[in-house]
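Note that chain A is present in both complexes that follow, paired respectively with chain B and with chain C.
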Partner chain A sequence: MYTSAKQMGLKLCRHCKLSMSEEQTHCQRCHMRVHTRAPNSLQKCWAFVIAATVGLFPANLMPITVLSTRGAPQYETIMSGVISLIKDDMVGIAIVVFVASIVVPVMKLVGLIVIMLSLQFKMNLDNRQRIVIYRIIDIIGKWSMLDLFVLSIMIAVFERNNLVGVEAGPGATAFGAVVLLTLFAAKSFDTRIIWDKQLEQR
Partner chain B sequence: MKSSELSKLSICPSCDLLVDTHAHCRAGKVLICPRCKHTLARGNRARFSSQFALALTCLIMVSLANTYPLLSFTFLGIPSSANILRGTVLLLEHGYYLVGFAVVIASFIAPILLFSLICYTSLSLSKGWKAPGLATALHFQDDLIHWSMIEVYIVSFLVALVKLVEYADIDLGYGLWCICITLLLSTRLIQRIEPAEYWERYVHIR
Partner chain C sequence: MNNASAPEIKKERVISPIWLLPILAIVLGAWLLFKAWSEAGVKIDIVFESAKGITAGQTQLFYQGLDIGVVKSVALAPKLEGVIVKAEVKREAEQLLKADSQFWLVTPKASITEISGLDALVSGNYIELNPGTGKYDDSFVALSEPPNIIRGKGLNVRLSADDLGSLNIGSAIYFKKIKVGEVQRYQLTDEHKVEFDIQIRPQFAHLVKIDTRFWNVSGFEADISLDGMQISSESLASVISGGVSFDSPLQSAIATKGQSFTLYDNLKDSHRGKAIQISMQQQNGLVAGRSKLIYRGANIGFVSEIINNGSHDQFTAKALVEPKYEDLFNSSTQLVLIKPEISLNGVKNIGALVGAKQIEVIADQGELATQFELSLAPKPPQGSKAFTLTTDNVKGVSSGSPIVYNGLTIGKVLALTLKNRSFELSTYIAPEFASLLTINSRFYNQSPLAVEADLNGITVESSGLSGFIQSPIILLPGQSKKSSTSKTFRLHHNKQAALLSKEKALAPLKLTLKTDYLGSLAEGAPVLYRRVPVGKVDSYQLLKDGEIEVELEIYGNYRYLVADNTRFWHASGLEIKASLEGLSVNSESLKSLVLGGISFDQFDELAKETQRTIYKSKQLATKRHLNIALSTQDSHGIYNNMPIKYQGQQIGKVTQLGFSEDLSTLTASAELDFPYYRNFARSGSLYWQESASISLSEVKNLDTLVKGDFINALPGKGKPLQTFKLLKEVPNTDKGSLHVWLSSSHFGSLKIGSPVLYKQYKVGTVDKAKLELDGSKILARLNIDSSYRHLVRANSVFWNASGVDVKLGLGGADIRLDSMETLLTGGIAFATPETTPLAESANDNDKYQLQSTYDEKWLQWSPSIQP
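After this line comes the complex of A and B, so read on.
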């Protein structure tokens, strides 16, 4: 059967990928502190996930963009922006925006919560399934920045325009915070603990 | 365990599996972790000099992308153009610091810094010259890969473009082509970066 390095008293430097014995505190190649497992990885990940979940509410309920046509401000939340895109017959773009700014953050949080709950309550989930969920989360993670990039481009385009003005709304800050928190959450989760739980059960 | 025995074993960074990598990975092949399917090593090693060339091209292209406008258009007689930095400057001016910084880091600072660092480390390693701050540069280089989001920026640009088409005629600027070339080259560059290889070489020239 498979043997983890931890069982053999070995560990790996996460920075330069050098193998060493457990007694060494620092990596001899890149001088960084080396841990067998990232310390308190589950706690950190939970903290980021909970903070991001709380942030989802203001991010989705408060206006993310303020569109002003002839001086009358029009507040758009993420969802109302998507709906107005559909009304303007831009279904393709609406789907891209919807997936990037609503589906991706929610999926990341749900995915991480599923992985962590299944580990902590020893639920029947295959390790392979857990790592696949994690890798999907890792890949799609950065795509939730899309809406913020679109916002910055639109602001720049309508900068010197008296008729149409685009500005960020308070929801943008909340949404930015959610995106950053989910990125940190995924990064703080040490995937190696997925297989540790299996070792304990034997 | 002795260091000579240690060098024959690899540890999967994703699942901590001990893998016997006695035989080296042959050219054109990849070594995949049997337990979690993580790619452990690639057979074709990138030469540092070619990494340097790629990174330098990326750096030049991304600098050009920031000097030329991405698009320019005329809306009701008012000409307007947009480049990468202008939007973030406006976000920061209006007090949206978190959003502004996130956007400027992911679309401007991280790519430029990443390409500069790869230039610096690859040149130093290929010449066998121990550059000052090389270890720090290598550490930052590995972390910055996750924060460079050029591909997301290009898709965002397309979304913005489709939204703008209904307002006016749009002329695409040179900046857009520059950033597209940067994306093509940087995908290849980042794909070929193997932190372990850089560190192995680093130890040799020390």
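After this line comes the complex of A and C, so read on.
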């Protein structure tokens, strides 16, 4: 069918896309270090994915905002925020928040885990499906930061005073970490491994 | 290169350091998990009466302002006894949850006195917690109201008061109107007192001293008295919600925590000072809190309380005295009720009239004492000379009446007591005048007004207007310089009596007089000698015969004034004489006007009276009369009181007129004054009526035209006689006058009184005329003055000189007129011829012919005729 560049003893500089022989350790053009495949890609991806998964719990269980008005401060988690939005008849916004804050991060992690598990345990999964999943993860992943943007704007606007105050809760930190970790996980995954596996099986 | 073995590719199993990341995440997650678990609050249940103002998830629990938890849910209690509030309390606050911990809801409270829980307005209602001391518990029953609790830093002291007043929890404690603390708690004690726990803020704690006084400043403090009006209040808040104020002496030690104080009702009550007790029979107008203790004009204390000792007739006033005046109150100190004094000199102590009475403190040396008796009568000032005046009649003297010396008030009557029907006046003389009181000092009552009115004017002597209100007592210092040792003096009725008593007193002279007219005489009326009171009317009584017997008392040293020729008369009232001579008003004294009085004097010309009589007037008393009767047929011009005069001076008057039975004669009874009747009541005395007569020759007695006629009198020399004829014309008193008769056919213009002229000089008058019985002639009698009678001779010729003699001729006109008077009244002229020797002088009642005209030669006659 086709021969990979690796089989032909070639490797590609990831920075300036220059092809060179396997022996070269550094790119002749940009003098950057050159690897045939990203080193420990799967291992790194797993580490990021696991850390992000762990972070997903505090991000969703701990309050992402602390609203102080009258009486006790109101701690809002992401889900309780979505619920109160629905209660306040703001279903559209609730959906946006729900998708961006809960669905997307979870889907990213689930997608990555599915890809990596299928590679690791040689599951029968179409390479095309794998790469589609990856593409989606890569594209939507950055939108998860929407929540944090909104939160930071709210904090700035409702500058803490005696009447109303908005503060970021610990959940916000966790959520931010989850988003970053998923981004890194997606970035550290070298998609060529998918096809390397297929070539080895053959 | 052949030998070159193919490089063994050894797959390097490298564990990426990136794996630290998930480990870190797990560790962090685990720590968060532990933290969440460890920080999970303690769940408690609080039963509230109502869930009003409590919101699940929002209502917080606070302890001292610290957030210790939040209400998680509110649910209805199973038996509907309230609502169960489930709350989560932070674990670090767990030790606050004891069995008797108190919970209550703090809601914003806005009232005029306080806006509390305003934080709850912003933060929402919250539940406040007051920790208890028992065992741990997790279910509580909330209080419906904030409990009385003392919390926080500051000085806590306890006040006790009789009642709560308008104080409340939170009522402010003021020091110099600055709020320095507040009432934290109050409670009723077993002794039925109200105890307040107050807290003074730490920065003000040093202001409370061990002897600080607290008083209630609730509401307005209005002190309205004659001293002025004072309304004060601490602050508007204290007016409404009450407050407590306090003051502190600077030097005292700072109060200890928990010390007990008394909360006084007001500032006045809180005055510190030595307490004394004043016992009295009556409350005397003293008012607690108002009545002051005055020492030399300074306010040194006040009556704080007046209590009845249960017996209803004994009162005890408790008074507080300023500490620095404590030493004034000793065993010899006198407390005297100050009474208002109103006099025209000024008004003193008028406050005592309307407001509360004050107490004067008269201090002396002695041991300190706290029990006093209130004296009602003021005591004489220190150093003054106190003495007693005795009198039978106080005559308006009362306590407060001044003792006056030469118009200056030098002392005062303090009290008046009745003892054995006579009065004793306790009096004093101010220290600086004490020397005026000598062994022969005399005192008398001055009547407020002494008026002496006579024709010289009216003299009013007054002791000043104040004398009308407070009869002054006059001091007459004696001549002696020796100061008196006597403590008792007699108060005399008047100056005379006082002066008298200075002399050696003689026994008064008692006289009994009779009168038929009492007038306004009253007992005690003065007996005056030349307007000096020298005695008084003792008594009077009506005798059976209608006369009144009056007993007089002439003071001892005036008894010599009463002699045989002394006459008494009523000096009562006014005597007004109105006549053309003028108006004469006479009165003795105003006192005698009112009281009546008797005057007397000695009259040398008067003899001893057999019975002393009080005459109606001085005239009656002094005049001795002789009654004569004057009879006349012509009653014209005769009237009562018609004066009888001699040479213009009145010597008597007509007293009564009466006709004889046949109405032919009028008899005028007249009296002749002493001593004229000696000469005029004799035979030969002449009385005639003088009327106004106007003629060309004279105008006579014109005054009688107005005053009426009067009777003229001429003395006689014969035997005493009392009946006389009243003549109508001037009698001829010329004894040697010549009376001759003229006969004439007609009377012409002659009249009675027409002049008889000699050389046109009047030497006589026509004094009588009569008709011859046969009617043929008219006879006129001439009265020739004795000094000219020798001019009439046997051959004298008389002619009628009336009218004008006009002769007309060629040589001219000759008009002759004897006198203007003869033209009107007629007249007779005569001439005596020059013969040698002269004819014999005419005799009385010779008759001559009256010629109607004269001969010219008659006028030429001018003989020298010797008498």
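The working rule: the second predicted complex is superposed on the first by the 198 of 202 C-alpha atoms of A that agree within 3 Å, B and C clash if a C-alpha of one lies under 4 Å from a C-alpha of the other, contacts with A are read in each partner's own complex, and residues count from 1 in each chain.
Following the convention adopted for this analysis, contacts are C-beta pairs under 8 Å (C-beta built on N, C-alpha and C of every residue); 3 or more make two chains touch, one makes a residue touch a chain.
As the structure is a prediction and not an experimental result, all values here were calculated from the model.
Once chain A of one complex is fitted onto chain A of the other, the partner contacts of A:M154 are limited to chain B, with no touch recorded for chain C.
Once the two complexes are laid over each other on the shared chain, residue contacts for A:G176 go to chain B alone; chain C is not touched. Contacts of A:L125 after superposition on the shared chain: neither chain B nor chain C is touched. Contacts of A:M32 after superposition on the shared chain: chain B is touched, whereas chain C is not. Shared-chain residue A:P58: touches chain C; no touch with chain B.
By the touch criterion stated above, A:I113 is placed in contact with neither chain B nor chain C. Once the two structures are overlaid, the count of chain A residues touched is higher for B than for its counterpart among chain B and chain C.
The intersection of chain A residues touching chain B with those touching chain C, taken from the two complexes, comprises 162-163, 177. Chain A makes touch with chain B in their complex at residues 2-6, 8-12, 14-21, 29-32, 85, 88, 90, 92-93, 96-97, 127-128, 131, 142-143, 145-164, 167-168, 172-173, 175-177, 179-180, 183, 187, 191-192, 194-196. Across the interface of their complex, chain A is touched by residues 14-16, 18-19, 21-22, 24-26, 28-29, 32, 55, 57-60, 67, 70-71, 122-126 of chain C.
Residues 39-40, 43-44, 47-48, 50-52, 54-55, 57-58, 62, 70-72, 74, 162-163, 170, 177, 181, 188 of chain A touch chain C in their complex.
By the touch rule above, chain B contacts chain A in their complex via residues 1, 6-7, 9-11, 13-18, 34-37, 70-71, 73, 75-76, 78, 80-83, 86-88, 90-91, 94, 96, 98-100, 102-103, 106-107, 135, 138-139, 142, 146, 149, 152-153, 155-157, 159-160, 162-164, 166-167, 195-196, 198-199, 202-203.
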